[in-house]
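What follows is a pair of complexes built around chain A, which joins chain B in one and chain C in the other.
Now for the complex of A and B:
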C-alpha cells in the first residue's frame, strides 16, 4: 500500500515553524557573543605563565571533550540544585552553548596570536612601540584575518547545535518541529520540512565561510 | 534565589550505580565503532564519486555531503527513527537507526577528509603511475592512498572523537548507551547532580585520552 503524502501538515504549520527560527537565531547569536567574550580571558590565561595557564588548559580540555548534550542537561538540572538559581530553559541553553563554544574560541584566539612570528614582536618593541601599540597595530590586524574564517566555521556548527536545546524545552525550530509532528501525526512530512528549512538556512552560511577561507587565505 | 540551598555532594549513589553506567559506556563505544566503520565505507564511496569523471555522480555526492553537513544531527536522527519507517513500511530498532544516522552523518565529513587527502597527492604522481602502465585502481591503491592516508589520520581521529561525543544524542531514541543510563538513573536515584557530573567525567575520561593520541599523531606526522 503506497503511503499517502499530506504536506498540508507541514504547510498549515509553517508560520509556527518559521517563527521558531527567531529563537534558533537568538540562541546562536547570544551564545556566539558570550563565547567570543569568554574565550578571550581563557586564551590570554592559556598564553600566560605555566603557574596559571593550566587552569585555562583544564577549562579548554574539559569543555571540548564533554558532549554538548551532557552539558545542556547539567546546566538545566544540576546548576539550579547546587546554586539555588532558577534559570529559564533559554538562558540555560545559551549558558551551556557559551561554556562549550568558549573552549573552541579560546583555542582559535590562541592559534591566531601565536601564528604571528615572534620576530615581529621584537621588531615592533625595538621600534619603540608600547605593548598595547604592538597588539593594536601589529598582532591583531594580522591575527584577525586568520581567526575570522575559523570563527565562521564555529558559527555554522553552533547554528546546528542549537537544535539540542529542544531537549530542555527551548521553543526553537527543532522543538516546534517535534510538537507539530506529534500534533499532526505526520512525522515524515514535518521532519522532512524541518530538515529542508535547516538546510536552506545553514547551507548559504557554510558557503559564506568557505568564501571567507578563500578570501582571507594567508600566504606565508 | 533560594538562600536555604545548602547542597552537599554525595557520590555514594554514583559509585553504587557505576556498573550500570559502565554497561552504557560499552554500548556507547560499540555504537561509535560501528558508526565509524559505516561512515568510513560510505565516506570512501562518496569521496570517489566526488572525484569521478561522470558529472551526475559528482552532483549526487556533493549534495549528499552538503545536506548532511548543513543540517543538525538531531533532525537526521529523528528523521531516521520517526519518518524513515513510514517510507520503509517497517520500524527500525534504535541501535540500527542510531548507527545508520551516525554513519551517514560522519560519512559526509569523512568523504571530505578522504577527498582532500587524495587531492593532496600531487597529480604528477598519478600521471607517472599511469605512464608506468598501472591501472587507475592500482595507482590509487599503491601510490596515492598510502601517502594520502598518513595525511588523513589526524582529521579522521578528530572525527571519531566527535562521533563518541555525538553518540550521546542517540539516548533520545532510547539506545541504552551511557547518556541514556545516566538519564534513567537521574530519574530513579533522585541524585541527578552526582550522576550527571560523574557521567560527564566518564565521557571526558574516554575522549580526552583519545584527543591526546590524536594530537600526538598530528605532531608526529608534521615532523616527518
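Now for the complex of A and C:
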C-alpha cells in the first residue's frame, strides 16, 4: 500500500521551522566573521619565516582534516571540561565552525596575497614603507578584492553546514525539523519541507556568488 | 672630476652577489658624485639591474659595502626604510598600485611614509603630475593609462619622496617605441635640474646626451667606464665594441 502523505504535519509547524531560520543565519554570520578575522593572522604567520610558519601550517592541516562533525562534538564535550567554562551549545557550535572555516579562509587569503606580484612589494619598499605599511596599504587591499568570490563560495557551504549544529542541540533549522518530525511522526513531509526551505535560502546566495565572480574578475 | 669628498653621494666598494652557485656581481666599485647622471650599459644578464637593486637593498648584497652620504647602508636593519625614502626607484614594468588613482599613487609615499595630511600630500602630487605632463590624468587608474603615462606617474611617485638620488631600471624597455620619448624627456629635465641619477638603459642616444659617465657591465663586472663620448664612440674593450654594434644592428632592423 502506498504511503499516505500528510502535509498538515509540515504546515501546522511551519512557524516553528521558520523561526529557527534566524538561529541558522546567526550561526553562519558569526562563524563567517570569526573565521574572516582568525584567518588573517593564520595566513600571515603561514607566509612568514619558516621558524614560525610551521605553527600556522599545523593549524591549517589539523582543522582542514578533522571532520566537522567530530570537531563540533569535541568542542561541545571536551572544551568545557578543560577550560572550566560553561559554554552554551550555540557558542560551542560557532566556535567549532569558526576553527574549521578559519583554516580554509587562511588558505584563501594566502592564495590572494601570493597572487599580488612582487613588483608591488618592490615599489612599496622602495618608497620607504615598512612591512606592516606594505601589507596594510598595498597587498591586503588588492588581495581582498581577489578573494571575495572564493570567500563567497565558502559562505554558501557554511550556511548549509550549520545544520550539523543540530547534533549538539543548537535550535537552528535542522534541529527544529528533527523535533517536529519526532513529534508528528511525519519525517518525510517535515524533512522535505526543511530541504525546500534550505534550498530557497541557499539558491539566491549561490547566484550572488556567481555574480561576484563576474564582478570581481581580475583583469590583468 | 672633483676630489672634494662632500661631492660624493654614493660609493660602492667590492660589491658581490651570489644566487646559489651563480656569481652575478663580481666585485663592483663605483663612485657617484652629487648631481651627476651615471648610465649603466651592458648585455642582459650582465648584472646591471641586480646591481641597481642592491643600492636600495631590494636585493641583499652577498658582500661589499655601499656608502650613501658616507653611511654604510649594507648593515642597516631597522633604519632600512628610512634610507630607502631617500632613494627613488623607477621600474621596467612601472609597478603602479592598481587600486589607486594616478594622484593616489603619487600621494601614497608622502601620506603613508611621511605621514603628511591628505591635502598636503595631494597638493604635492598634483604639482608632480603637472611636472610629468599628466595633470589632467590625476583621477585615472593605472589601467586607463598608456605605458608611457604609467611610467611618468611612476617617476612622479618616486619624486614625491623628494629623494636625493633616483634609480632607473630599464624604464623604457617595456614601452611601445612611440612612448619612449615622453619618458626620456622627463628624465632629461630631471637631470638638468641637478638630480643624481643612476640609469640602466639601452637608449644610447640618451646615455650620450644626458649621461656624465657611462659604465659598461659584463658577466657581473665593470669592464669599462668613462665619459659617454669616450666609451660610446671609442670603446676600448672588445666586448663593449661588440655590444654597441649589436645595438646598432637592432636599430637598423
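Keep in mind that, in the parts below, the second predicted complex is superposed on the first by the 207 of 220 C-alpha atoms of A that agree within 3 Å, B and C clash if a C-alpha of one lies under 4 Å from a C-alpha of the other, contacts with A are read in each partner's own complex, and residues count from 1 in each chain.
Operating definition for what follows: contacts are C-beta pairs under 8 Å (C-beta built on N, C-alpha and C of every residue); 3 or more make two chains touch, one makes a residue touch a chain.
All of these numbers come straight from a predicted model, not from anything done at the bench.
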In the overlaid three-chain picture, which partner chain does A:130 touch, first (chain B) or second (chain C), both, or neither? second
Counting only touches as set out at the top, which of chain B and chain C does A:68 meet: first, second, both, neither? first
Is A:174 in contact with chain B, with chain C, with both, or with neither (first, second, both, neither)? first
Using the touch criterion from the header, give the chain among chain B and chain C with more contacted residues in chain A. B
Could you look at A:194 and tell me whether it touches chain B, chain C, both or neither (first, second, both, neither)? first
Where does A:138 make contact in the superposed view: on chain B (first), on chain C (second), on both, or on neither? second
Is A:119 contacted by the first partner chain B, the second partner chain C, both or neither? second
Determine, under the contact definition given at the top, whether A:160 touches first (chain B), second (chain C), both, or neither. first
Chain B residues within the chain A interface of the complex: 1-5, 7, 66-67, 69-76, 78-79, 82-83, 86-87, 161, 165-166, 168-169, 171-172, 179, 182-183, 186, 192-193, 196-197, 199-200, 203-204, 207-208, 211
Contact residues on chain C for chain A in the complex? 53, 56, 58, 81-89, 91, 93, 95-99, 108-109, 112-113, 143, 154, 157-158, 161
Give every residue of chain A touching chain C within the complex, in rising order. 117, 119-120, 122-130, 133, 137-138, 141-142, 145, 219
Counting only contacts in the complex, chain A reaches chain B at residues 3, 61-62, 64-71, 73-74, 77-78, 81-86, 156, 160-164, 166-167, 174, 177-178, 181, 187-188, 191-192, 194-195, 198-199, 202-203, 206
